[in-house]
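Order of writing sets the labels: A, B, C, D and E. Residues in every chain begin at 1.
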Amino acid sequence: DKLDDIISSGTLRCAVVLDFPPMGFRDESNNPQGFDVDYCNDLAAALGVTAEIVETPFPERIPALMSGRVDVGVASTSDTLERAKTVGFSIPYFAFEMAVTANDKSGITSYDTMKGKVVGAVAGTYEAIALEEQVKAWGEGEFRPYQTQADVFLALSQGQLDGTVSTSTVAQANVKSGNYPGIAVMGKAPFDTDYVALFTNREEYGLINYLDLFVNQQVRTGRYDELYEKWVGGEVPSLLVPNSYR
Amino acid sequence: MIEIENVRKSFGPLQVLKGIDLTVQKGEVLTIIGGSGSGKSTLLTCINGLEPIDSGRIKVDGTEVHAKGTDLNKLRQKLGIVFQQWNAFPHLTVRENVMLAPRKVLGIGKDEAAAIAEKQLSHVGLGDKLDVYPSRLSGGQQQRMAIARALAMSPGYMLFDEVTSALDPQLVGEVLDTLRMLASEGMTMICVTHEMKFAREVSDRVAFFSKGVMAEIGVPGQIFDAPQNPETAAFVQMTQH
Amino acid sequence: MFDTALTAKDMVFLAQGAGVTLLVTAIAVVLGTALGIVFGIFRFQVGPWWAAPLTFVLDVSRSIPLLIQLVLANAFMGVVLKLKMSGFTVACGVLTLYTAAYCAEIVRGAVEAVPSTTRRAARSLGLSWTQDMTYIVLPLATRVALPSWIGLALGVMKDSALVYIVQVTELLKSTQILITRLQEPLLLLMICGAFYFVISFPIARFGGYLEKRWSND
Amino acid sequence: MFSYTFQWKQAFARLPEMLDGARVTVEIALLSMAIGIVLAVLLTGCRLSGNRVLMAVSTTWVELARNTPALFQIYMAHFGVASFGIHFSPFVSLLIGITFNNAGYLSENFRGALKAIPDTQTRSARSLGMTPIQAFGYVVMPQMLRISFLPMTNQMVWAILMTSLGVTVGMNFDLYGVTQDLNALTFRTFELFALAAVIFYVITKIIQIGARLIASRLFRY
Amino acid sequence: MIEIENVRKSFGPLQVLKGIDLTVQKGEVLTIIGGSGSGKSTLLTCINGLEPIDSGRIKVDGTEVHAKGTDLNKLRQKLGIVFQQWNAFPHLTVRENVMLAPRKVLGIGKDEAAAIAEKQLSHVGLGDKLDVYPSRLSGGQQQRMAIARALAMSPGYMLFDEVTSALDPQLVGEVLDTLRMLASEGMTMICVTHEMKFAREVSDRVAFFSKGVMAEIGVPGQIFDAPQNPETAAFVQMTQH
């Protein structure tokens, strides 16, 4: 099966989104960096193979897996039931709080003040789907999905968007980077915590099993806390869902 | 009366008309013959002001064509012209072809313009082709339509530039017959042509052009049977195959 | 001039992207042209009925967005057939078919543009079909086809900007990556646009020149 | 051969949403053609005007439109011009990008068509006493439009196909945008995009057949 | 000898040749005249097998053109043909135009083929145009080149299809002179032409075609001065403008 294939081929190919700091981005030499990149390297090390990072934009994560171009997605992918009909998810390896980021001139100060404004998010993400629903419910304002996280912040900084909802880690990293003048984080968005999971082909139970254990081991060994401190910092979010199994 | 005085015209370095003097009287039929590139077409387009001239003067009924204040659009109504080919407006029916200028230039109403068109088209024998498109006409019919179109503006003069050159041999006759008819009705005409038989028969005078110069002018008998100029003689000889 | 954080390394990165653009284009144009010539002559020879299935496929490839063709080919190869194909291969495959579709039209038009009287003149001298094709039709059709073919090749180069969708990092994608890091969209976009322009414009002009020169005789 | 289970039902359930997207796609294409034709006529006029400034501006436009990728033009219309503080919505950005492209290509077509109309047509019209504007309007332009009709049909098809590039500037209610959103929800890439492809194909066929009908009505000569 | 027996030919529903019978003797010059669409060109293309026929028989020196086993490429070497226009291969020089068929069809070596080309081109008066491209030639010169190209295959017969129709009037003479020269050298020729004066002067016999039928055939004096058939009379009358 796939687990054997990976081990015998000697390389693990991970789908990683590289415009999603601090989970994935490129450094000055345009090399991949970030939490997901390290996570993939750890997984490869555990399997005893070398890692290959395949850059994959959000909308292309699943096709990349399906077409056999990657073995595993380490791509901050929300584990929705709808998607689980198509791919197989591991247990969550990271949890995002959602935060509101706004352009200084927009007048947005909190989630609720986004009503009636032009807001956007990355097409195909958990927060984009939720935010679009919200805009429809409000009945005013406009929602725009962009192809990449970079485009969203670029548009926000240019003033094309008034506000966005993104994972708080990403929001903070981008505001801190200084690349985008004139934007600030304006508090939390009242969305459910976004648990993200590793994914691979639906029928690869052996590999999925391995991934589950690997995520568990990362927490147990303290590597999860270590990586969190390295790339994000602050209080480490719990991967346990209150009052539920798994 | 068309008066042409010492007209010169160049295209860039190429001198095409090297001082032409010529007067055409009301009612006269003048034919111009000559080799390719001798400036015949250029002279016609200069007469109705489609091309500017470099020096000299052209007067039509006393109005100087190339003077500053001249209203060329008005003047051109007096001067009908028909070219070798591509005369028909292909997107309009035969009737619409003839009606267009009376309506848009003279401002004549639709019905009246249609009546004029029908009259002129019947005159050239196209009374049964009113509503077809030019592409359905033979070349000869297209040329006759172009003549009717020019006549619809009631011009005082008609200029013809090799109107039969692009036609199949059997179609030449019908167009020449139309020109003969116009001549017999007393229309003042300048015809550039290669049809020597026609020229001899219909012209009051024939002018022979050679390399931008009017080498000889005279009654048909002179030009064809007793040319004074050796070039005329050679040309007339060559075209009698 | 510009106060920029752009480094020499970044320029190399862009140049790599440009290299990918040119490589994809070259592969698609070479293979697509070869296929297109075969398809075009086939269509001209066998007539509309027998060529109908081929005509349909080529027509489809000209009637749906390239982006969708790429996504579909990618999904079909990977998800349905489970073939392990790199994005680069898929991109080249789709662009090749796309080039062939347009090239077949050009070839057919060019062969039809050789006046039948010229071909008759050749046959009446006793030249066989093959000799007529080789010595008369091909040289003449090439003159008709070349300007449009140059236009097609440049079109494929421009359209190759879309292969980012199957994870091929070509020029425009490289530019977007740098925009993400450097946040200088205008400068970077201008460099990217200038690259396309500098390649496309002179070649397009050359095509226009050939067209003008050859249409005179 | 197929180890993949197709779930066409899921895709067909989304057909109404996709058809709404298709309507938007057609609207954008039509609008960009209408504006594009007007601009192309102006550009062609400028390029033949002999005025240096007008010629430079129009030639630059045409050459940029023809020598850079459409995706680049659309991206530029959104993110590029925003660097000057000019903001366009995704819809407008896409419209501007496609229209810019259309106008460039059409202008080149019109110029070619004008060359194909024999000089004697204008001469005939002028010799009947028409002004230059009358000669152009009544005689030259109708013929120019006929010659350009097929290229214009092709350009319309192109415009339809180019709408798929709108996703890069945040467009999500055209056919491609809707399909991509649905794909994000369900991950049924193959089925959804295959359906979108069929819709695109049908639209282009309708345009081509419609154009043929219009042509046979309009150009009876 | 070319023998044509009851040849019929249709394009779809259109019957173009309605049973033609005609024999051309070695050394004879036959001219075919007739209105547009009467089937003259079609007959010529049937004679050298470029078009199939529906029924009847055509024999050239005893070989049946449309029989199954006939090697048409070989047969065509006997039958030179020159068309109205677009004869020249524009991508080859004048010399190469003439050399192509001798080299590729007859397999003659380069130098020998060049010698043949030069000889034939000088013969038609183009000895000084060997290395130019056809686009540099006048229409008359192009037609003479086409004649030289056909002659380079040493054909036994020459077929000419309105070779002067597309030419400017001054260029017609030079091509007709070339045909006269061939006739005087004893070449067997079938000429479709609209040049009545030429036809009268050079032909042994003249055939008049009308709507797919050979309406009349006879010596020039009969056809032009005393036509038996009223249609012939009308046609001859019409072309004498």
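The rule we apply is simple: a residue touches a chain if its C-beta (ideal position, glycine included) is under 8 Å from a C-beta of that chain, and two chains touch if they have at least 3 such contacts.
Per UniProt, the chains are B, E = Glutamine ABC transporter ATP-binding protein; C = Amino acid ABC transporter; D = ABC transporter permease.
For clarity, every value in this text was computed on a predicted model and none was experimentally measured.
Visitor: Enumerate, in label order, the chains that touch subunit A and subunit C alike.
Guide: Chains that touch both subunit A and subunit C, as defined above, are D.
Visitor: Starting at subunit A, figure out the least number of steps needed to reach subunit B through touching chains.
Guide: Step count on the best path from subunit A to subunit B: 2.
Visitor: If you apply the touch rule, which chains end up adjacent to both subunit B and subunit D?
Guide: none
Visitor: Could you pull out the chain whose C-alpha mean position is farthest off from that of subunit B?
Guide: It is A whose centre lies farthest from that of subunit B.
Visitor: If you tally contacting C-beta pairs for every chain pair, which pair wins?
Guide: C-D
Visitor: From the centre of subunit E, which chain's CA centre is farthest?
Guide: A
Visitor: Whole-Å distance, subunit B centre to subunit C centre, using C-alpha means?
Guide: 52
Visitor: In angstrom, rounded to a whole number, how far apart do the mean CA points of subunit C and subunit E lie?
Guide: Between these chains, centre-to-centre, one finds 46 Å.
Visitor: Find the geometric centre of each of subunit B and subunit E from their Cα atoms only, then give the gap between the two centres in Å, rounded to an integer.
Guide: About 36 Å separates the centre of subunit B from that of subunit E.
Visitor: Taking each chain's centre as its mean C-alpha position, how far apart are subunit A and subunit E in Å?
Guide: Centre separation, subunit A to subunit E: 82 Å.
Visitor: Any chance you could list the residues of subunit E touching two or more other chains?
Guide: In subunit E, no residue touches two or more other chains.
Visitor: By residue number and range, which residues of subunit A touch two or more other chains?
Guide: 63, 66, 151, 154
Visitor: Can you list every residue of subunit D that touches 2 or more other chains, as numbers and ranges?
Guide: 79, 82-83, 189
Visitor: Each pair of chains that touch: what are they?
Guide: Here the touching chain pairs work out to A-C, A-D, B-D, B-E, C-D, C-E.
Visitor: Which residues, counting only subunit E, touch subunit C once they are in their complex?
Guide: 45, 48, 50, 73-74, 76-77, 79-81, 83-91, 100-101, 104-105, 133-135, 146, 149-150, 153
Visitor: Taking the complex as given, what residues does subunit C use to touch subunit A?
Guide: 7, 9-10, 13, 71, 74-75, 77-79, 82-87, 90, 164-167, 169, 176-183, 185
Visitor: Provide the residue numbers of subunit A that touch subunit C in the complex, in ascending order.
Guide: My answer: residues 18-19, 25-26, 28-30, 54-57, 60, 63-64, 66-69, 148, 150-151, 154, 157, 179-180.
Visitor: What residues of subunit E sit close enough to touch subunit B in their complex?
Guide: Those in contact with subunit B are residues 35-36, 165, 168-170, 172-173, 176, 194-195, 197-198, 235, 238-239, 241.
Visitor: Spell out the residues on subunit C that touch subunit E in their complex, using ranges where they run on.
Guide: 115, 117-118, 120-128, 131, 135-136, 139-140, 143, 216-217
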